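Paired with chain B in one complex and with chain C in the other, chain A is shared by the two complexes that follow.
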Partner chain A sequence: MSEEAKFRWIGTRVVRPDGVDKVTGRATYGADFALPDMLWGRVLRSPHAHARILSVDTSRALAHDGVEAVITSQDLPDIPSEEAFVGEQPTNFRELSHNVMARGKVLYHGHALAAVAATTPEIAASALDLIEVDYEVLPHVLDMPAAMAASAPSLHRDLEPAGFAAGATVPPNVSRRIELGHGEPDQGFAAADVVVEREFTTKPVHQGYIEPHACLVQANPDDDITIWSSSQGHFMVRAYTAKLLGIELSKVRAIPAEIGGGFGGKTTVYLEPLAAQLSRISGRPVKMVMSREEVFRATGPALGTRIRVKMGCKQDGRLTGAEAVLHYEAGAFPGSPVQAGAMTMFAPYELEHVRVTGYDVLVNKPKTAAYRAPGAPMGAFAVETVIDELAEKLEIDPIELRLRNAARKGTQAPFGPRYREIGCVETLEALRSHPHYTAPLGPNQGRGVALGFWFNAGMQSSAGLNVNEDGSVSVISGNPDIGGSRASLALMAAEEMGIDYEKVGAWIADTASIGFSDITGGSRVTFATGMAVVEAARDVKRQLCERAAAIWEVEPERVKWVEGEARLEGEPDREPLGLVDLAQRAARTGGPISGRASLTARGVGMAFGAHICDVEVDPETGRVEVIRYTAVQDAGRAIHPSYVEGQMQGGAAQGIGWALNEEYVYDEDGKMCNPSFLDYRMPVASDLPMIDTVIVEVPNPRHPYGVRGVGEVPIVPPIPAVVNAVHAATGVRYFDLPLSPPRVLAGIEAAADRGA
Partner chain B sequence: MQYWSPGSIEEAVGLLSETGATTRALAGGTDLLAQIRIGGQAPERVIDLKRIPELGRIDVDAQGFRIGAAVCSAEIGEHEELRAAWPGVVEAAELIGSTQIQGRASLGGNLCNASPAADSVPALIAAGATCTLAGPDGRREVRVEDVVLGPGQTSLALGEIVVDFRLPRPQYRTGDAYLRLIPRSEMDIAVVGAGVCLSLDRDGHCTACRVALGAVAPRPILVAGAGEALVGHAVEGDALAALSAAASAATDPIDDMRGTRDYRIRVAGVMARRAAVIAAERAASRV
Partner chain C sequence: MKRHVVATIDGEHAEFLCDDGQTLLDVLRDVLHRTGTKEGCGTGDCGACSVIVDGRLVCSCLMLAAEVEGREVETAISISNGDTLHPLQRRFLEDAALQCGVCTPGFLVAAKALLDRNLDPSESEVRFWLAGNLCRCTGYDKIVRSVLETAAELRGGTG
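For the complex of A and B:
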């Protein structure tokens, strides 16, 4: 029996539960909520990249007609340092508090330092102008070399750098040093026939979710707080809001809205604690909605990086050693994903000698936030470009070179453990046999390939499965659905229960209605929450068998749940009892039938993706056009193939934008110059070809249906795939992103000058 | 904010001539409304020009074309005769924004917004278009290149509006073209724009050529030297290179997030040359 034939629902392309609402415009997002008597909140933001706040006078704003509350950091508790237990990037509750409302100093242009609530958005906006702030402007640092120079101004005087040897000199604004690997890279380089060493830089880029941050918060006089907002985890919203206000989690209920994209950028909060405090003071519900400009200036972009990579290789294509030094910009508070970058960059390869050192560096820019496979695309850019250069020097096909060194079961990962079942080789082989790889190219066109890795996360999930009175089933979980997870959870429930998908409803419950669930991040929901759904379904099936046994007056062990009904073993003539029968008799057999599961998901399936990109470069303008693109990825098992393909296409699209045109542009004063989608150039639909996808399935044996995470891997290979393709088209190697037309043309001209 | 929707030019000019309240003309609003939203400062009065019949029509007669200043790009693109006669002007209008924007954006707004990067303006200048202005002192006819003075500044007097644009019927073996460079494929602002209109004799030698550039100086510029470089020559080789060099030399661009100064200087020549080649092909295909 083939794998597919085993399943009735897994792997089918059913209509998603939230689909009709979304295409008819009825889905309710963060900004769609309203309550009677509601106020509008607005945030006052710093006009300086770095300044001491000498005084803030809110009296004129408070006196303004229609203004009901004004807050500054003085209105929030000065909470102690505590590592946050939710979220995705390393965070500290105290630092988060200082990020949502500056205390003492503003650390970047756009940093929040006061907020008002007024009866209309216009009054709130004009009241901001009435807040008088006295600043002492301080020197600022915008890039890492400047931040680490001996004379650099410090962002945080009380910074305690971690990971340095006692007595080591630590440059200013470095919060952390990390190191990992095994073997002795120098030995590896000594044994190599070719060594390539290169330095790369990347700029901060924004996740670019279409929905700006928005929330509605109501605080009651007894201090119960209800939050409606869109986020990547309402339990995260609850924890951050409660912690920042210094109240108990049980006082806060967070209700998830539909989410218009997050990509990691909504794994933290900006508005909810402010709206909550404004609501507590005014006694009225407060709604806050960011403008696109605020989203760009003040919410976490993904970081900029500087990466040095050195790799050695034998003539026969065996890698002998690898070394890298990473500098990752955390923004104004510590906590870049430098650890993840260091762990992932060499992960696709079998390496005897590998070492990575990384630094977390503070600069006067917004605190960075997670962005799909946080930290990994930049590392892959560096490593995969060097591999491409090695392949060129050794005259070995670039996929073949990767295959000769590909990680397999038993390979020791640079971050320590040995891999279990992984699909790196299968992914590369599928890439090589795709017709795209051998399709002819025209003039000024070039082809690049790249490989990428992401761990995927497990973490904690809860799920409930209720058998309704009519025998239909409701699946309840605690994870906002960003990429179609409700459909995947419902499919797994239907498969497990042996019932029609149409009989399953999938819902996301608020923080008071389901057990704790970590954020929707780390590509974990279909894997981990899926596991919880399967466990809850098995719990229900056990109960259903017990109910049938009671009705039949037999031992429960003799009853089996097969194809959606209870059957009595050894008695084929006995009329089976289906879900409808058992639901209708539930009152008399022990009451409602519901199952639940709360778990820490172990056995995460690590994943690899490999992409082919063809570009055409205009040699006179440096403009790059992506003309063909293919993404291959090991999904473990695609529960709903369309949403796996959607993730692959979306990751590729975002990676292409990152490679070609997206960047934060700052002026000398540390102000971002391009805070709009007009000048922050994400790709538009017409910029991209149809992105072809190939799903490879090497099932993860530690998930009931073989699932691996799929949402993050696809943003890892695109940057080097594009950059390698541009090299193939022009003969020029590029080491700095983005490959905007001026940069590409400058490279072509410099090469022509060298040639002349 | 007051919204006025006059039905005649006289009424509109009257409203726009009154002082005391900040007043702005409104056509498609794709610049004005965006500026109000971003800048926050709304004018006290907005005078919508779209109900004035003369501004909303394209007329054709023996002399040529009259394009109402408030006609939107989409309508311009659907006008078969205009398309056939002035493909460069039409392709410029059809580059503005996106399908949605083109349902609103007008040539009058594109010109009077006075952005150095406005797409239709170099195409209109190259084509030799004039425009009719109406103001408190009556009407006057000016060349398009004389309207924009610098970023956000025009030579229009208080109360003056653009009524229409005039283009002749193209002469024997004349063709025009407009090209722009943007990093994306749409929804972007020209880093360089180049409009070229040229005429050929029977042997394929250029008898007249106008080259206009956008986004490379404080205002769209007519580069006489670039056009002259081609006159008397076939549209190829050294003559094209001379046109390209003259175009680059005439620029005085800025460095900004959309492109560097050096880049704009180089690419201005490239775009002008490529537009000239397309214009020549169009000219040659006409009898």
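For the complex of A and C:
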């Protein structure tokens, strides 16, 4: 299309603005800040999965040489229940406060219950041993069946379960029931030629960002608090810290550090309120950095799930009905992404009859946090595995079966609305025509495919665009750059302004220097913050035209901004005015030229991804090796294709790890047994092949450049793609993650026994 | 009692005081404020803290600071020659081989150690050499490609 040709910068693979800093070690991440006179904070964590705190004696710790402050929940305000207004998953400030510092009870192994600030990290660590805690150990629940048994101990006595009919019996530890869908699935099953019903389980897994949580906080005597920390949203850090300390948001300034990965896990706080309180008490800056073990034990992993799926299909491959029941582990406080799981699992398909019921279940494990398309990969695992089985039973090619049922414009989504422009069919077709799909396979090898969906988020964003005195342009936004978003924002600004990319600087401002911006999450920055940048640029162009009009003494309507300069309509001989000219004359034409935009981004582009995975399974050991992998995804429009590919490859790798290796292993006391990168085995370079990518572009008509979010979709298809591939290689269907060698081998041996 | 250590770090003379138990990583980051070397785990499992000591690739979180007495330490900072980026750094940027970038200094150091001894590694050699470095963002694809392309460039090949 000729539209493509008219872009000068969109779709190019420029070097990111923050690139040189990041390859030379100059970029400053959360743990890289220091201040004179700084103290080091450490956290005392519960050795029990569930216990009442009878008493905490901090006097010996406080008396220890070098210790400047010790806090417990008694040093933080007991705040009222209030729904949090920022963040990613549903959160309540009171629960957040109790998660950051246990009050009355500890609810999981690793739960924070006191914190110390001392002159060195070593002194802080040794002071923790001097805090005396008297516990009454309570019975705990680690899995959902146990948590929901009639005799189960309750985590929260004041729990008010939502979504149940009046008078319904609610099992213990269920905080919420949800239901969605349309039609009558039973009718659909009655009309089906084949019905498959299966139950699936997945274990909690960690986002595995390489940078542990870290912050530096300085509280001044007038109670202004400055926070340097790495997070997916410094406005979130400001709000959570202020709320938990019971102070005004205006008193807190959060300065974003570079962030060393988040994937949803840094959409909440753990350390900042504690460091702030320690700093207020000690009068000195306090730095806190988690150890990797603390990250595993005490930050929110992604949840474990139990999912039952039933789907019916006609001989001709038309799906007739679908039903699912989801149990999602929220951890120690309510708020699993069960709603998102329920909404996304059947979203790629046109279904007349579909119903999903979901439960949010509390267990004595860390409060879960978002992880890339929160809640969706597990649902896709269940649905896409059942679809694979249907395709096998009906002897229909699995991509063809999906295409026959694929959602398109006008299809009613299971969560209600009808889709606008979506690229589900285009994505599947690109997958089918990829040479990978028909490449030959060797012995013990198998191929699987899967489809995935994610909404993507809009939410609120702010951006500013300043024309500098020399005519260069600075783009300012309020979203931490987690994987190249400075580049995509700068590209859009350059395109919009009609100037060279090299003339654009991209900066992330602190909470006192830019309007409110929701978190970097929901794949929303290039989409929503990009929209704000484009609006700010248009604001600036309007001003530039006005300035030129003033210089030329003409009506502003006669001036147009074309290819980076103001031109006077109807007078082609008039020398145009460029950014440098107008910047130099700014003082005399009305002052600095600066535009801004703050908006709630509407018109989010929902997105689909589809993956092909080839595996080779060692029949002797059950080890699965991924030997070839291809990811296809509708990006709407790829602003910076390399970073879109990077999202696809990174999401695929995480999904492969989730499918094959990663899991939280607990002992019976509720202690995580594998809190290190050695024992929590994430994929390393030698575990993976190259990950091929195909970017499909079905532009989102409601974004100025057609953008859809790209960051989350790619983690949705990998689990079922891998599991379906293992089935193809072994003939065995697996329903429980991860597909570690012992589990795979047990499946192969059981099948051999049955066959023998 | 602190120990007095003299070493060469990134080509510069460096002196510091450290406790016997302090790791090289702690000293680099917290004593010398050279925070370009990152900590991802502190247990030798992620490679974010990779440095080269007398030509050998090590995890600085596993080495005691006192052990570098009289030795030469290279971190990600000394990969570039002043303002001129090393070909590896340039390739990483051009190929978008970093997303969050926190693993990047470690990968660059490890990749340089590889290319210093083998300018013609196979893809599989690159993958196994870098298996001690975790990256959670990229899926390794673009990192491995960057290293292979840099090797070709340095061999004077396809550059």
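Everything that follows uses one rule, which is that the second predicted complex is superposed on the first by the 754 of 756 C-alpha atoms of A that agree within 3 Å, B and C clash if a C-alpha of one lies under 4 Å from a C-alpha of the other, contacts with A are read in each partner's own complex, and residues count from 1 in each chain.
By our rule, contacts are C-beta pairs under 8 Å (C-beta built on N, C-alpha and C of every residue); 3 or more make two chains touch, one makes a residue touch a chain.
None of the values given here were measured: they were computed from a predicted structure.
Participant: For A:Arg8, decide between first (touching chain B), second (touching chain C), both and neither.
Facilitator: Neither partner.
Participant: Is A:Ala27 in contact with chain B, with chain C, with both, or with neither (first, second, both, neither)?
Facilitator: Touch status of A:Ala27: second partner only.
Participant: Between chain B and chain C, whom does A:Pro741 touch in the aligned arrangement: first, second, both, or neither?
Facilitator: Touch status of A:Pro741: first partner only.
Participant: Tell me the contact category for A:Arg103 with respect to chain B and chain C: first, second, both or neither.
Facilitator: Neither chain B nor chain C is touched by A:Arg103.
Participant: By residue count, which of the two partners contacts chain A more extensively, chain B or chain C?
Facilitator: After superposing on chain A, more of chain A is contacted by C.
Participant: Could you look at A:Arg585 and tell me whether it touches chain B, chain C, both or neither (first, second, both, neither)?
Facilitator: A:Arg585 contacts neither chain B nor chain C.
Participant: Figure out whether A:Ser686 sits in contact with chain B (first) or chain C (second), or with both, or with neither.
Facilitator: It touches chain B and chain C both.
Participant: Once the structures are superposed on A, label A:Tyr209 by its partner contacts, choosing first (chain B), second (chain C), both or neither.
Facilitator: second
Participant: Touch test for A:Gly484: chain B only (first), chain C only (second), both, or neither?
Facilitator: second
Participant: For A:Leu678, decide between first (touching chain B), second (touching chain C), both and neither.
Facilitator: In the superposition, A:Leu678 contacts both chain B and chain C.
Participant: Of the residues on chain A, which ones does chain B touch that chain C also touches?
Facilitator: In chain A, residues 677-678, 683-684, 686-687 are touched by chain B and also by chain C.
Participant: Which positions of chain A touch chain C when the two form their complex?
Facilitator: 13, 15-16, 18-20, 22-29, 31-32, 34, 121-122, 207-212, 258-263, 289, 291-292, 482-484, 640, 642-643, 645-647, 649-654, 676-678, 682-688, 690-691
Participant: Using the touch rule from the top, collect the residues of chain C that touch chain A in their complex.
Facilitator: 19, 21, 29-30, 33-43, 45-46, 48, 75-77, 79-80, 85, 89, 92-96, 98-105, 108, 123-124, 126-128, 130-145
Participant: Could you pull out which chain B residues touch chain A in their complex?
Facilitator: By the definition above, chain B touches chain A via 38, 40, 181, 183-189, 191, 256-260, 262-263, 266-267, 270-271.
Participant: Where on chain A does chain B make contact in their complex?
Facilitator: Contacts found on chain A: 125, 293, 620-623, 625, 660-661, 665, 673-674, 677-679, 681, 683-684, 686-687, 740-742, 745-746.
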